[in-house]
Amino acid sequence: MAGIYDLVPAIAALPLASFVIALFAGKDLPKKGALPGILATAGSLALSLAVAVTVFTTGEGFNQNLYTFVAGQDTFSLHLGVLIDPLSALMLVIVSLIATLVHVFSLGYMNDEGETGLPRYYAGLGLFTFSMLSFVFANNILMAFMFFELVGLCSYLLIGFWFREAGPPSAAKKAFLVTRFGDYFFLVGVVAIFATFGTGAFAGSESFPHLAELALEGEYDVNTFFGLGEQAWFTVLGLLVLGGVMGKSAQFPFHTWLPDAMEGPTPVSALIHAATMVAAGVFLVARMYGFYALSPTALAIIALVGGFTALFAATMGVVKQELKQVLAYSTISQYGYMMLALGSGGYVAAVFHLTTHAVFKALLFLGAGSVIIAMHHNENMWDMGGLKDKMPVTYWTFLSGSLALAGIVPFAGFWSKDEVLYEALIHGLGTEGGLGIVLLAAYAMGLLAVFFTGFYTFRMVYLTFHGEPRSDIARDPEPVRWNVKGPLAVLGVLAATVGFINMVPVKKVTGLEIDYLHQFLDMAPEAYLTNVHHYTELLETDAFAGIHAATPLGEVGTVAASAAVSLGLALAGVLAARQLYNAPQPVEHTDRLGRVKTILMHNYYQDEYQVWLARDVTVPFAGVLDTFDQGIVDGVVNGASSVSRTAGRQVRKLQTGVVTNYAALLTLGLVLLLAAFAVVGGWV
Amino acid sequence: MALYESIAFALFAVVTLGSALGVVLVRDVWHSALLLGVSLLSVAVHFVMQQAPFVAAMQVLVYVGGVLILITFAIMLTRRDSDTTVDEVGA
Amino acid sequence: MWIEALILSTLVASGIVLLAPNRYAGKLAAALSLAPLALSGIMWLNYDAAGNALLGGDMAYETTTRWVEFASYGLNWHVGVDGISMPLIVLTTILTTLAIVSAWTPIDTRQSQFYGLVLFLQAGLLGVFTALDFFVWFIFWEVVLVPMYFLIAIWGGPRRKYAAIKFFVYTNIASLIMFVGFLTLVFSMGPSVRAIDLTQVAQLVRTPGVVEGIAGFSPNTVKLFAFTLMFLGFAVKVPIVPFHTWLPDAHVEAPTPVSVLLAGVLLKMGTYALLRFNFTMLPGVVRDYAALIAVFAVVSVIYGALLALAQQDLKRIVAYSSISSMGYVILGLVAYTTHGVGGATFQMLSHGFISGLMFMVVGVIYNETHTRMVGDMSGMADRMPWTVGIFVAAAFGYMGLPLMSGFAGEVLVFLGSFDSTISPLFTAVAMFGIVIVAGYLLWAMQRTLFGPFDLETEYEIRPRPSTTWHRWWCCCSVWSGWVSTLTSSTV
Amino acid sequence: MIATEWYLMLSAGLFCIGLLGILMRRNALIFLMSVELMLNAANINLVAFSLQHGNLSGQVFALFGMALAAAEVAVGLGIILVLYRNFGDIDVTSPTTMRW
Amino acid sequence: MTGATLLELPEYAAVAPAVIMIVTALLLLVIDSISPEPGENDRLALNAVAIVGAVTALSVSAWFLVAGTGQTEGPISLFEGALVVDGMALFFSIIVSSVTVLVLLAGYDYAAGDRYQAEYQTLVFLAASGMILLGMANSFVAAFLSLELASLPSYALVAYLKHNRGSVEAGLKYFLVGALSSAVMLYGISLVYGVTGTFQFAAVAEAIADTGLVGILGVGIVMIVGGVAFKTASVPFHFWAPEAYEGAPAPVSAFISSASKAAGFVLAFRLFVTAFPIGVVEGVVDWTLLFLVLSIVTMTLGNFAAATQENVKRMLAYSSVGHAGYVLIALASVTTGSDGYALGAGMAHLLVYGFMNTGAFLFIALTEYWDVGRTFEDFNGLGWEAPVACVAMTVFMFSLAGLPLGGGFVSKYILFGAAVRSGLWWLAVIAAINSALSLYYYSRVVKAMWIDDPEGSFEIESYPVGIYAAIVIAAVVTVLLLPGFGLVSEHASAAASALV
């Protein structure tokens, strides 16, 4: 059924059209560009669903180059193309769904608030959606990189939307720069991949993951550089690409941009965190998972970075005062889980968590947006309280999202997070050597983060919605309209239910084949080599990753134990929060942390050292270079000129104006010439 | 014959060079001019000795009769009244 | 005769405008510059040549006439276009027209001379990109200096005279050194060369055994020597660090429309010539010393970018970033792979458009605020949204954002140079330029364009309806051409 | 017959004495006279070599040389006279309005 | 008139250019003696005769050159080989007479108030005839005589403004250095005669092939080089040049810096190629090395000294020294069995130089006429007052500097090419650096005229027709020599090839 696949480019083209319309005609449209955006994203959603259904029902995919923009002679060519397999189909649905809801929500958040510059806003959203969708269906890594970068651009434009204030432009700059720094490694990786394999294709027998696999098996020759062996070189490549992933997905130490990015409008935060920019990194690893599965080192680093980020970000979320800040750190933390899953061989788990997270994080951000509308853009949770009764729709949906985030059964987050931890555990136990230890360490950190997640999530819920109102605005919040509540409702329901698509523990316990997501992802056409069992095969080959599963308590026992531990920790966190903050007039308990609080409030001084690197190292260094340039390099040029002039002034002195001197010099010259040539000519 | 010739050459060579040196070295420009005449005339003698009587004649005519007179004239015209003997200071 | 018509129409236009009254000069020049624009457009459309003509590629619109007979040598009027020069010709005609239009507002004295000189400059540039006889080429190469000197020195900023003379003498000395280098190469071939026609010379030089020793040098030494001198000469024009210091001064002092042409087209002369001469004629030397040249390229990229980071003057920032961008071109050339050279060619184009646009936007801002210092203004986006929008677009183009032309050039250069004779480490280091460029452009934008509005100078900002055309220019430049990538990459 | 070498030496001596005068003296007239000595030195050579080579062209050239020397003196004296009129004396080192 | 009919002319008709010059000089004296106190009509008549005479000489030279006189049938040898008329002689005759035409045109206004205009013109013609004869000289006798014929009127011309201290000083210095140089040269000639027994260039070449008196010959050759160096204003015989060019009336400066220099070079070319072929005298005096040294020193000294001048005319004077250094490259680049490339390049450059340098000095004449002052600052803003003349001056300056606004570009670089061709690439590099430096000081004039703001206002009352005409003609020819360089180069290289 090629028909629907021919329309795939339209999924991205529709938001692009809305971008153009909003940019050039948005001013004259009734909702300043919102309507084309909603229509376009809705259209994209419909098409994406149709594509996903087609993939699901037929099990076929689509992998084709559509446009060659550089035709190489005697070398590789560069293409734009489409790859549709279950992974990208799923992601398309998620992205277009969230984008649609964000557009609708923006009506309430932006239009109703009377913001200026709305055409710019909707144009940005349109471009953002377009970039992300194109990124998702990219069939080669160069195209992926291109849209990956464009996503960064859009985030810049949208985070800096309120450019008349000081904060947003700075945050936008930071977001772009930090991710750009990561993208630098990504681009080196892309270039190196092309140089190594001569192709950047993701899927198929000519794709670079497969060629790498063949190369390791000794069936294919590739160029490696710097005298590295193939395995080592592939690890380097993987890590280079990982640089981009860590930048975009805000993994430690590139996470610093993300909390600042809260300066942007809240719907944009929702879009960035749930479905687009941040998700792009993780998606990229999943996209080329066949490549990572070849390198145990890369996997170990991914897992370690993921686990550490999950814990690290969660601890910082504990002390934040602004609603969106908490959510920001939770995002970092949750993407850490996904990385953990990917690193520990849990491909499906990662995608699953990506899916559920998209839903509940979008929900939470939109809910936060709703609260912010109500609070007249005051985001400090200590000024809130008691909103539960004033805005019930927001409260209940927000609660749904919070439960999902905290990982409380049966909300979406529970299922996915549980699977992530489970995968890390069994593979950590089953894998020999350093990788196994790393996975276990990462698992331990992830597990610990569960507690913190539960704690900060419900600290946020209690502070915001429970207790007594702590400010005048909180006592009389601004009402929100359908365009806010609608998206919240949709997402609230989804947050509670979307986890059912892949209830692995239930499957293990009951034996029912209800791991639909797993099956779906495994439906990728064999030729693409992107299906789950191929990945599993690669992971379990000792020559490649060599990851094995071990279930010391039996399959059911292990899954149950794992679920119980993580659920227990989550509940412990929730209860701790309830204990501390579920009071009519909660007080700050952070002081009890002592100096730890200072460190946490300063985010472990991560910003400080990065700013120091930029401002106190790079800029002064550039200043020194500038001095060098002006002084030495330019000095030589100017010096040559002044030397010439000085020489000229000296030469002039020869012409004394006294004719006797002329005669003397003339004679002297003649005598010198005579003497010299007498010697040369041998006259004597 | 050759001996007389040699003696004559030596003699006139001394005269030529000596008077030439005088031209260059004496302070008074008048004396210089006169010594120049001597030098040029002795050169004319050399010309005769080299079997170039016509050239020698021309030498006398052109130099002594023309050039020297011109120079004398110029000395008269450019000589300042105040210092009739010394017209320059130092060499 | 197309090329002759092209150059002649420009020259005639220059003459007419020089004699026109000041009041009409601007409009007249713009109108007259449409003729070469149209001609080059037609040439582009009917263009059926591809590849580097010196390497046996096709050539279009070629004419050859004997010009000078001298001793046993002949100099020919030989012009033609190939895959390398055609895009640059179009770039020149487009940028000239736009520069003329953008000069309407800022240039308010001696207009007829200004526009006349700009058109004269254009004639010289077109000649540089079409001439195929060395001497004819060299004439155009040098003639470009003359109008540029006047344009900077008469209509420039406060230190215009210093900048103009520096540009003038520095680039002139470079040209002469290059000239000696090329002639050494030509004369080392003895009697086999009877015309210093680039196509012939290129063929002969590449034929083994044709280059003989000269002045006691072995053939290989002669080649290396000629290469070095030519490289030095062109390095100044490009400019490659450390021969770049004329550029910031010239760019900063030149009036905006001239900066546009300077950055947009003049810098391309250097890389064009490097490609035509050094890299086409002496690939052996390039191979042997690729690493060294690559060091120059990489240093240009990083050093130029870091210097841009240290600047406070918007125009200086753009000027230094040009050095950085041209470093990529050198990198692509020295890699000497299909993608490398194609990318370098495309980077020339895209840098031409984007830096031109950047200069125009900075010029508009300067025109409105009478300052270019980063510290003197903030929040300009509040008062001049479209200009700022274009600034942002151009800046991102400069940063090499995908779907903008800067990306195509850079990424092709990277792809081409990573897997080539030079170490991939060079490429990897040079690529770090994309981070620094983002750093200083974003920093400058944040300080000047965004945040609360504030202006240190007392000038009022008037509403500017006339920047509308900038929009189209922006689209044209930023998106300039995945299509043309196709052609240029077949080089 | 006197060997040509002797005449060569004589002329060289005369030439050097003329040169010496030019270098030592500042009086324009002495300068002029010294030049005459140098020209005469050349003439001695020409006549001597003419005899040696047995052709007359040397003598002829010597005659031309004389004529030219005379003309040169004439022009020179004219210049010296205007010099005197403008600068008040005929010291060749006094006119230094133009230098460097 | 074709070459065939030309052959019907008697052979001695080939010296017609020089004869026309002399006849015109005499004619002018006659007219002057008829009317010693010239009125306006006489002035017109004088100038008309002078210009017609010079133009006739120019046309005849050009006609001969184009018709192939002394080229197709081999050089025409006259007066027992004392003079020879060939392509090179005619080529330089063209240079000299072109400069003469320009100088006379300018003199129409420049010497307008002068009672002794006829004398001035006569001197110019006599000097010009000497220069033309210098190009034809084929023996030392003729060479020395024409040299003096060219020099003596020049001394008088330089000191022509007898009430102007600068002019007199210049005349004195020119004369004194000139007299010394001619004595040196004559002595050198006498030594060469002593070795060879002949004055005939070709015979000299034959005679020195088997001589043992290398020492005397060597001293003679070096001393003759001294004479040539004086005429061409090359180091170390250049000392007269800055003062003479600065102090002389500007048209005279133009005349001696262009025509006289060219005449010096034509003598050098012919002398060293025919009388002292490098293949023969290499062991005695490697005069290519000699000229190489002189070339480097001359161009460097000239250009560096010019770079720091405040006075425009003096700057031009030094730059003229520098250009002598460039042309010396031609001699330095002559190699055994060379093909006329180097000499042809030198000749072509001298022709172009004749126009651009004359034009530049005539522009100075114009400013002297206007009395605007002599320094760079005095020229500030002149471009907007006298645009035509200043455009012309810009052309001259850039063409002299080697920018392609005029023929100077091509000729200069072909000349540099000659150095490279004979393996002297480093000489070319030195020349290149000098050339770039020259761009600096030439552009100062341009900068002053167009870019700097004037301090006061100019009081320009009239625009003299003659000087303007001369400047414009010079400028147009300079520009046209860029595309039309082929016309020049063909003859130059042919003439040079015929010589070697």
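Quick notes on this one:
A, B, C, D and E label the chains in the order they appear, each numbered from 1.
We take it that a contact is a pair of C-beta atoms (placed from the backbone, for glycine too) under 8 Å apart; a residue touches a chain by one contact, two chains touch by 3 or more.
Just so it is clear, the structure is predicted and the values come from calculations on it, not from any experiment.
The set of chains in contact with chain B as well as chain D is empty. Counting hops only between chains that touch, chain A reaches chain E in a minimum of 1.
Once CA atoms are averaged chain by chain and compared with the all-protein CA average, the nearest chain turns out to be C. At the far end from chain D, in terms of centres built from Cα atoms, lies A. Using the average of C-alpha coordinates as each chain's centre, B ends up farthest from chain C.
Here the spacing of chain A and chain B, counted between their Cα centres, is 107 Å.
Averaged Cα coordinates give chain C a centre that lies 41 Å from the centre of chain E. Centre-to-centre spacing of chain A and chain C amounts to 37 Å, using the average Cα coordinate of each chain.
One finds 63 Å separating the Cα centroids of chain C and chain D.
Among all residues of chain C, those that touch two or more other chains are 169.
Touching of two or more other chains is recorded for residues 641, 652, 655, 657, 659, 663 of chain A. Residue positions of chain B touching 2 or more other chains: none. Chain pairs that touch one another: A-C, A-D, A-E, B-D, C-E, D-E.
Listed in rising order, the residues of chain C touching chain A in the complex are 166, 169-170, 241-242, 244-246, 303, 306-307, 309-311, 337-339, 342, 379, 381-382, 392, 396, 399, 401-403, 407-408, 411-412, 414-415, 418-419, 424-425, 427-428, 431-432, 434-435, 438-439, 442-443, 445-446, 449-453, 482, 485-486, 489-490. Of all residues in chain A, only 652-653, 655-660, 663-664, 667 touch chain D in the complex they form. Chain B makes touch with chain D in their complex at residues 2, 5-6, 9, 13, 16-17, 20-21, 23-25, 29, 32-33, 36, 39-40, 43, 46-47, 49-52, 54-55, 58-59, 62-63, 66-67, 70-71, 73-75, 77-78, 80, 87-88, 91. Residues of chain E that touch chain C in their complex: 339-341, 344-345, 348, 398, 402-405, 409-410, 413-414, 416-417, 420-421, 423-425, 428-429, 432-433, 435-437, 439-440, 443, 446-447, 450-452, 482-483, 485-486, 489-490, 492-493, 496-497. By the touch criterion stated above, chain C contacts chain E in their complex at residues 66-73, 75, 135, 138-140, 142-143, 145-146, 149-150, 153-154, 161, 164-165, 168-169, 172-173, 176-177, 179-180, 183-184, 187, 214-216, 225, 229.
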